[in-house]
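Each of the two complexes below includes subunit A, the first together with subunit B, the second together with subunit C.
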Partner chain A sequence: MADDAGRLYGKPEVRIDGAAKVTGQARYASDEPVANPAYAYLVTSAISRGHITGMDLAAAEAVPGLLDILTHETVGKEAKPPVGPDQKPTTTTLETTQVWHDGQIIAVVVADSFEAAREAAHRVVVHYAPETPSATFDSPGAEAEVRKTDEQHKDPAKGDAPAAFAAAPVKIDARYETPTQHHNPLELFTTTCVWDGPKLTIYEPTQTMYGLKAAVAKQLGMEPADVRTISRYVGGAFGSKGAATSRTVWIAIAARRLKRAVKLVPTRDQAFTIATYRAETRHHLQLAANRDGKLQALIHEGWEVTSRPSSYNVSGTETTARMYACPNIATKVNVVHADRNTPGFMRAPPDTPYMFALESGMDELAHELGMDPIELRRINDTQTDPVDGKPFSSRSLMKCFDAAAAKFGWAKRDPKPGAMRDGDWLVGYGCATSCYPSNIGPAAARLSLTPRGKAVIQLAGHEIGTGAYTTVAITVAGGLGLKVTDIQVFMGDSNLPPVPVAGGSNNAASTAHVAAKACEEIRQKLALAAVQNNAGIFAGADPSKLRLTDGALAGPDGRREPLETAVGRVAGGALEVHVENVPEGLPPDAAAGLYQGKMAMSRGTGRKDVTAYAFGAQFVEVRIHALTREIRTPRIVSAFASGTIVNPLTAYSQYMGGAIWGVSSALHEATEIDLREARYVNDNLADYLVPVNADIDHLDVIFVPEEDSRVNPLGIKGIGEIGIVGMNAAVANAVFHATGKRIRKLPIRIEHLL
Partner chain B sequence: MELTLNINGRDHRLSLDPRTTLLDALRDHLGLTGSKKGCDQGQCGACTVHVDGRRILACLTLAAAVQGRPVATVEGLAHGDKLHPMQAAFVEHDAFQCGYCTPGQLMSAVACVHEGHAHDRAAIREHMSGNLCRCGAYPKIVDAIEDAAPKMERG
Partner chain C sequence: MRPFRYEHAADRAQALQLANGPREATASAHITAPIQYLAGGTTLIDLMKLDVMRPEVLVDINALAGQHGAIRADASGLHLGALARMADAADDLVVRRDYPMIAQSLELAASPQLRNMASLGGNVLQRTRCNYFRDPSWTACNKRHPGSGCAAMDGVNRKLAVLGASDHCIANYPGDFGVALAALGATVDIEGAGGRRVLAFEDLHRLPGDTPHIETNLKPGELITGFTVPAGPWTRRSLYLKIRDRQSYEFALTSAAVALDVEGGVVREARIGLGGLAAKPWRSHEAEAALKGRPLDEAAAHAAADAALAKAAGHGEATFKIELGRRTLVRALLQAHAMEV
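== the complex of A and B ==
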């Protein structure tokens, strides 16, 4: 009967938190009321490499309202060093005098008002012993190393790729680059800390309630039980809030010193250096095929920038090696250490940059072959993982291409580059494959049901814009046979049962399965009590045949017992269950780890039985002005097949947002780096370009139906990340089609098309 | 300094640092946290409110500068439990994801209609381009405004 949880799937539901969001009542972390807070302002380093030799605080201390200044001298020893997004060593902040990168936190000024804290922070004078920094690839002093393989990162390989490449009749050999990008969620990286005796409460937007709690407890040497994180609404995340950052412990320490709540709302430019970003990447891609288009060799080598102490990398070759049938594959990834902050997860971290290379390369190969790019994908489509021979749990790639191509009008495309024109505009059509691995993790939840047919589910989930409150409510309403409006959902509080990090598109699947399991446990309890009760209508019946439906416990013969009776029999106020769900393939202790902030995950590429990915097809029309070379994207069509869709209304928004991110990553977004100073130059929302409303015109998202009983019991593949993947290549391919110019380095700007 | 701000039809007496922006006065001193801070430098639109019925950026406006002038924020849009037609349209069309830009989008959207700029999609897109939505809800924001505009005019 667990299937009942999916009863309401696929029907559009408005968000249960919609009213809160449109009335200003939704509380983001910095909106939470705290009594009498002091205000913190960060001082960040003005050099990118070297040491602090001294700080002159007199002028800052003279500012009226100043309360405290935290520096490496006053508090540096009070926290253990942080870890990076990969849970390994990363850059430090106040722990020592060392400066690892520009914009590193080096002091925290606290005052009675925001205005006083800001003024005092600007009056802190810092003396440095600077050294020459290395900014990025090719900078003198940047250190490259081959990324070693471990459980997280493999180098997929098979056959003899170099020999096959040499022997094949048609080939491309190309190098691609993607830029540094910052998430720039609209909400800033705020932190508010409040102590109550030994207990610390942290209000901070996060994608990992338990991860943040565990990280702060560890750094401060506290019991995790004494740390509570609260984050009921997150104002955009995209990966940037997926791991703890350095700022939190210093705000906690500031609040402890003052015995007063301390609130930090950092600036937008600080957001570029106190959190993570998508590192710039380089790719060398070699593809070879027979004249019929069948791939013979794929060789993909990547390079990624990281900080000095961290080897964080995304290694998207895991995905590119699996996209198409190919007998000979070789992959390799290198990391390049520079004087930069440590990068981290950003929307489809591996797939966005690496699929740009592969999907551009496929377009180039199609051109070499004189073949339609969709047909090239069709010829090399496969239902079997080309690397390890496992079946894909499901793969509807060509269905996505066909649906999107029909809607887009691909048939009207004249394949010759530069052949399509509309007045002064050169017209180009481009397409690319999209994909994202399907992940699921363990999760826990508490569910209660009252005799009046109202349910409350509690779990430390994350609403980062995905509609998480609503998808959980839809599952519970289905599972308990109630209406969505009968369900209350509490999330965003680490006092609630844990769920995994809201990243890697696992959360819909992870939370739906635990919610479904909780509903099933309630059904079982009610059914068992009903059949054991001699006076009830179900006395002696088979409990497995009783379902919860339309506010009643119902038998197969249509007899119904109202919840009032069924629940009232076992509980006066409410029947409550606490459940944990561990997906197949994960060790049983995965649930225990969850409470300690450890995230076991069943990943789409690491499974024993199948390889699990969602697939899609991205289509875009670009128009390039013949004289000015202005680039517009008047039409976007994306089709995705991601298994079960819980809520098509919010799913559409996620796919659409992803597709817009994809166009943005092709044409708008790049963090510019001053190569001499290793400093981000355009660290604000006017100079870091993101699309505005006028940039996005017609956009269609197509849901390609797909049932997948192998990916997980409810057939849910994630959708948050896939929307962006491949779109950057689709745009570049369309630019080639419009102009005959192949742009292999993003973003594509007017000056590249002159 | 001592000052009185008129927010959503009510007077509030406040004692503020003269450098306090309208946005910080609302958020930190009046507990009206609906208006959001996304950049604090006039680049994102998350802090959009109405002063004298016109949309302005609260992060670029000193609180002291709007004394005696009516200020309207997202908290004042609904009538009790009854959502403003623009709010209802945003919910109906799912014109947001994270919701962080939404208060600013709503205040701009209402102004966009009042300014007479909601007559077609291209005009709406142009006149809503001062409000960034990093979640990329733009097409649905346009849908919501197209839907709400006639309802607003009917009152």
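== the complex of A and C ==
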């Protein structure tokens, strides 16, 4: 692969779709114009366990403009059951009369207008045979089981951790909890379906164009080729749009019944129950060290809530076991089935909750040892994966700590809890390690180049707000020696070549490598033609020495042939290539699977050669009012080393957003569950708190330079998830420093500090 | 949301005529009333979309702003038209100087967009944010369906009332401005089919008792047209302290509206309101009495706070608000005392 693809990396580049977004020209799924749509409104269950015994539809049917009501009775048999985010059985909706959880879709009302559909939906009377539900951990009837290991999830272990823990001189033994959280992307979970004969087009915001296509085709018994998904822009996803959900097939069926386009824009409160969420977790963490701080034992057991039929879990012990040098490690994960919707991916799904436990525990251990928390991490830093002995592809953790600590002014910290104060405000400094595994998947793309030096790249990529269009354009501009403005990028359409799900921070690496490969293929074709052409200036030259640069094919001696000549020689209109890239270590059928919506992924923790992670260090200052105990976060400093940074401008936004979300996760966010009814209660943006601008004051992001030739050829580790991971514990650690109170359950609130 | 008829009132007379129809049930502040006045709509439209309120007729009174939208201060006090927008009152220079508590209670509420829309008259009638009230899929809510029970009592109730609640309802009054009005002894001007009357603001809202669905003492068809905040030597040394989980766009967990007339370090008069904590806009005469004639020091502030929360009763998650309420009042009193006036 030519290095040229990375030529423009590291230079801030404005989003090529920025103008379209800020002027309202960018089309999100529900903005796509369709002819004469009917409007759907969902009826969702008011109980969380039981059966539907009947529905009174007469009042709804009397609403002017009402077109159709889909229920279990009318359409239940028309779709096969869906699968969950883990591709295994999940809760059903209209297929049966069973109610698995609060807010389950139980009917779809379709009318000529949104207003009529809503009114009719409100007039549907549902009769239930309710059963007593189990809400969460400790609820009567909740069923816990040890999570079985499989290809995805292992239980990292080494040595004899219980014995080492018992024998060690310094130890902590603590339990932590994280709450239920919902993504709450501003763009709701919309679906618009249009049939053209046997062919179905679905406009739906998604992080998995081909995954959605395959899932719907399977549920409807269709050929995947007859299903097209379109999602050019996504208004926030964060994992919530990373898998197909139940709603889509019913909207497709509604459109088929009416022979008319049907559009669904569900409500905010429905978003809490018709999509996924981050399940609440519990942790038992035992850490033991010698007096010099060297870890001797790490035992981490986790519990995660899921629905009755699903065993979806995130198993963050894969990460916590690998953070620090430790000779004895034991891990275990349990799932607890309750009457809830199935959880799913949410930013750094495993790492956010599990690293909260580990990094809180490390802070507790440092306090126990009378040691600076950064020093404790330095003493236990390692360049070798402590679980299996593989080298880290690169690990710049302590560089991140040093850079962030210097910027933050960590040296001014008085280590004694409660010692720092400014007027009425208690001051606390806290820090924690951040990390995320580096993943890369197979991808395909089509790239064309014209003699006039304009390129078009097409791939079914996902712009979820991360700047994905621009990342691809930067890569192609570098690879073809053009300007970023010369590149047109088409994504968000399953008629284009497939790329993996936009999740697990793989997007930049996966799409950049396939784009780079396409550029190289074009370069090779042009170079070969140039050296074989007896009349050209490069006749007989070594084709491997010819580069595309500044709109020309250039030789090592400085001779240049304009693209007009070089491309014109092989194509009158445009030279086009279709390429597939399968990262090293993945099976050869990985590309074929991609077309079927299957997700083969080279994971940072599952490779044969190295363990690949991005690392970071996150620092926060908290201020807590001495009397009324409000918790403020005036300063946040994060440093990350994530290998190659494609576009520092959008990377900064990603890191910054992650850090803010970490504060949110630590202090604000929690979905409140009515324990008697197993129902979400604060299902709106006024009561589900996220920080407002006033809550985030000074925020710094430091890019720690890192070159990593082992993680993948372009050295891209991914940046999407890491920003949130360390902040949860950093905030809790700062609260401890300010008050002497160790809060092990998130979110930390005023009442915990009174 | 259900279909409704929209009526536009050009003036007060027409508004009253439209709202006092031939039917038994005319416009009222009760959630089940078939006719509702529409001003900013920031609560009403919300609750209609949620299917909590299903009025048949909306009488738009925004055109009454000419008659009842003025903000005016004189020797007797501050006169606020009911159709004045929250933002207008919060930005008014005289209000900010002479009644800082009023200005702060307004500008610490909601978001700029909402403050630009919401009227003062509508603001004081803002309904509880109790999640069980705002979601009709919960069957037990004595406010929505008298006699159905209170799902919040043993449910998610962290933000609900610890003062003035009953066995039938623990919803809290969520607003801020109303707390300031209660504290300062304001009066409310009301117009109805039978003419004009003036009510002490403290008497506008009712405690839930066994009729939590009846939230105010407004009679059917009556319309709030304005408020008068009496002048007093305490209004300049006044503030509104709001404690919440985030720094903006959130309802109060607890709040304290404090006005002090201090002479030589001794409190001559105090006016004290509490927000977030109570079933209605809450004035604490007990705390005022505890301070009267005492030097304002930490001990006095604590004594006042103890008096204010003496009758508080917690329900589940909300119990911490009793202690937080005390501390909020202590802090507000000490801050008000330290004000440069």
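Everything below uses one rule, namely that the second predicted complex is superposed on the first by the 753 of 754 C-alpha atoms of A that agree within 3 Å, B and C clash if a C-alpha of one lies under 4 Å from a C-alpha of the other, contacts with A are read in each partner's own complex, and residues count from 1 in each chain.
Here is the rule we go by: a contact is a pair of C-beta atoms (placed from the backbone, for glycine too) under 8 Å apart; a residue touches a chain by one contact, two chains touch by 3 or more.
These figures come from a predicted structure and were not determined experimentally.
> Is A:L699 touching anything from subunit B or subunit C once the two structures are fitted on A? First, second, both or neither.
Only subunit B; A:L699 stays clear of subunit C.
> Based on the superposed arrangement, let me know which partner A:L667 touches: subunit B (first), subunit C (second), both, or neither?
second
> On the A-aligned overlay, A:N682 touches which partner chain: subunit B = first, subunit C = second, or both, or neither?
second
> Under the stated touch criterion, which partner chain does A:R749 make contact with: subunit B (first), subunit C (second), both, or neither?
After superposition on chain A, A:R749 lies in contact with subunit C alone.
> Thinking of the overlay built on chain A, is A:V234 touched by subunit B (first), by subunit C (second), by both, or by neither?
first
> Touch check for A:R632: first (subunit B), second (subunit C), both, or neither?
Second partner only.
> State whether A:P691 touches subunit B only (first), subunit C only (second), both chains, or neither.
both
> Which holds for A:H122: it touches subunit B only (first), subunit C only (second), both, or neither?
second
> Of the two partner chains, subunit B (first) and subunit C (second), which one does A:A46 touch, if any: first, second, both, or neither?
A:A46 sits against subunit C, while subunit B stays out of touch.
> Compare subunit B and subunit C by how many residues of subunit A each one touches, and report the one with more.
For subunit A, the partner with the higher number of touched residues is B.
> Across the two complexes, find the residues of subunit A that touch subunit B and also touch subunit C.
115, 686, 691-695
> Once bound in the complex, which stretches of subunit C touch subunit A?
It comes out as residues 1-3, 51, 129, 131-132, 135, 137-139, 151, 154-156, 158, 243-251, 253-254, 320, 323-324, 327-328, 330-331.
> Name, in rising order, each residue of subunit B that touches subunit A in their complex.
17, 19-20, 24, 27-28, 31-41, 43-44, 46, 73-75, 77-78, 83, 87, 90-92, 94, 96-103, 106, 124-126, 128-142
> Quick one: in the complex, what on subunit A touches subunit C?
Subunit A residues touching subunit C: 46, 115, 118-119, 122, 269, 625, 627-630, 632, 667-668, 672-676, 681-683, 686-687, 689, 691-695, 749-751, 754.
> Can you check the complex and tell me which residues of subunit A touch subunit B?
The contact residues of subunit A facing subunit B are 14-15, 17-28, 30-31, 33, 113-116, 183-188, 233-238, 265, 267-268, 463-467, 649-650, 652-654, 656-661, 684-686, 690-697, 699.
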